[in-house]
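For clarity, chains are labelled A, B and C in written order, and residue numbers in each chain start from 1.
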């Protein structure tokens, strides 16, 4: 189970400095669960106390923890070094290349080298799958859609027609890319569907969570930029444009035609109303409700609904439970009483 | 790519009046992206300024925009006329009729004329699929469920047993119709499942978004009325009844046994507690939290959590960030100081 | 359609006492819809008035309703007795055992006795499916994953590799178990994925709703305890641990590394920030936003965002619409006016 390294080798590979005795390690685990012969990591100094009790042979950390008996692998960015170490101990296994006889591949689809097309996948006419792409099972690739090389598409993903997925993307199970945007023209006889004739483009190195939905544009393109990571159960409406290296946590909803910048961080269950902009580098706390455009100029961190600077929101939120008391205090003042209630 | 029309022809077909020179057009695009030879539209007067810069040959609009050089196709409801024009330029293509040899169709299932049953679809015993219905791929139709004529069912949709889908419905990928409602009887030994023996009925002309879930009734029927449109990732609980021509935006949740009227509009991420009524014509803003029944009699627009008249909510929401300041002001008054803080 | 019983027989089987004349009954329905020959139930005394008008032959209730003409089946826990009666009238039908020739079963997978493996299911190497398990159709069971005996897995469920599902579980369509947790190490060159090498364990008697997603642990195990019930479209982050007999309503999100106790009740659209604890027996109202750990010691019922005692929240929420008025009242006081506004 897993590979083995000398700590000195491992240090060299992950760009860390070994502090302490060298020795062989064979796995990686959490601070609490690690056994002798394993490596663990400390990225949040708040958990330093656990390092003293760990059985791990070495800890990846920014600084040594005084009083700890294990070796240290010191790195400026320990979480990043940990990510690298994980890949060394658990090199990702691509499924074996080949096209399942139980897949349905249109003769007009194009397959790259060493692709994996699992059972019950459907590739429609004009679908293009790049080198070393893996469609695990039950993946639907619509007419003329393409998946860039080295991408991993998990079971039951749907790519509607004409959608473009970049290289090294990871699409988790059940996500839907290119469903129709939500557009209807009201009339006296009810709603008439606005055909959604645009498409979706997902750039390289994007990861998309399970059961997340990204609608195709009405006209034009819904776009997710390079390196952006979307968690599970997120809704991305039609014509949304998301920049590069943005991370969005689960169950957030982004309404149609929003522009979300690069290096934005959005907490879970946040919501953006339609046609607004969230600028580069903005951080939105969990459940933030954005009703108008925000940039990082005034302040980078926003929370609350409607969104306000995070610090204001913290003070406001702390006071909400005292609102009934405030009403009583104002009543007392109106009644001509001075000073605080004696309670 | 697409059809060609004289502007005069197009005007006649979409019920608009041509103002300006006639000429051939071959496509439709957004105001910013339109090229000569294309048509665009203006439904929100706020974007009128862009009309002056557009390269489009004609703009579908309510009124001509002074100073614009293009032709106009004038319509009382320009968004509706645009919907019609889109269909002319992009007539929807039904997939070719036929039953894939890679589908699993029970001999006791009934197929109408010219149906499309794509690969990896499952039709259980007693399933009924009307004329010209398309099940694209990987669609599951449970025992005794039926899909009305001309409906389009996208990949990976699940219809549990005994569910009825009307005519001309569009069900997007991953939506689940007829899963068990969430009902459990607590006891000293834990929860006991309440069998959900009811069903779901979806009326004609309904569209249901990707990964939306609609639970079957415990007893009786969960119902979605004619012409109603549901966006992605919506939850509809057991025994909910939704009227006609209602539109509900993404990630909204409707708890069990709610009655939602006709021509209701619900914004994204709204939530309705169980067993309540939202009357005909009510509008709920995004993220509204409805804890008791609402009708359009007092006011039609509601927002906030708990729901309050939209206008009240607007004022309230604007004041929330000033709550810390209000606490300080009350403290000052209690301390016997008059007037505003000098800040 | 359904079985027939004498009321006296039915009473004995569900642990109720017959009050009124014996007679044959053949079905179960709601108070409003029940016909002669059917049984109904009253669990909420608020609906007692409907009992007088019901056509049902008998009502399962805690106490007889004065003035009602039907028989009563008296039970201490009428909702539980109703659950039992439903099972008698509608004994759950397991689909016929057998492995579809249209399934893809790896020779290294292990199948118990009397399993149902429907069309387009995939069992990867090392997958283990216990006795009498039913995988209805299009279910994906990853490498080395196992499903305990008597479990029912609905269409289009995905179990990633190495996931363990207990006995008598019910997994509804489209749920995803074992997708990667959301973990990325930021660096100057963008985010680097933290491999998620942990797993998911779902204990016995758990039910998981449609399109719910449960991420695998980064290291270690994401765990859902015995008898716990999750509704639709719920997000459970990596390394979350949920206790036994907990119920969680639709669209709730539980961030990574949370510990949720046993017998907890969580309303719909609630959200828990990461790394916090919700103690045994806590009740969270719909849409509660939990930002720090909560226990049932201070109070068991919490609501609001940020979470506060439910009673405080009720008072607070009632006052929110009056906040604009409160600002005006404070302004009046600052202006030196006493008493209430004359409005």
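The criterion applied here is as follows: a contact is a pair of C-beta atoms (placed from the backbone, for glycine too) under 8 Å apart; a residue touches a chain by one contact, two chains touch by 3 or more.
Everything numeric here is computed off the predicted structure, so don't read it as measured data.
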item: Equivalent interface positions on chain B and chain C, same or different at half; value: different
item: Superposition rotation for chain A onto chain B, Cα-based, multiple of 5°; value: 120
item: Geometric centre distance via CA averages, chain C-chain B, whole Å; value: 26
item: Multi-chain contact sites of chain C, meaning residues that touch two or more partners; value: 102, 120, 138, 156, 174, 211, 233, 251, 269, 320, 323, 326, 330, 333
item: Touching residues on chain A, where the partner in the complex is chain C; value: 28-30, 33, 77, 79-80, 82-84, 86-87, 90, 92, 100, 102, 118-120, 136-138, 154-156, 170, 172-174, 205, 207, 209-211, 226-227, 229, 231-233, 244-245, 247, 249-251, 268-269, 286-287, 317, 320-321, 323-324, 326-327, 330, 333-334, 336
item: Residue ranges of chain B in contact with chain C within the complex; value: 102, 104, 120, 122, 138, 140, 156, 158, 160, 174, 176, 179-180, 182, 184-187, 190-195, 197, 211, 213, 215, 219-220, 233, 235, 237, 251, 253, 255, 269, 271, 273, 289, 304-306, 308-309, 312-313, 315-316, 319-320, 322-323, 326, 329-330, 333, 338-340
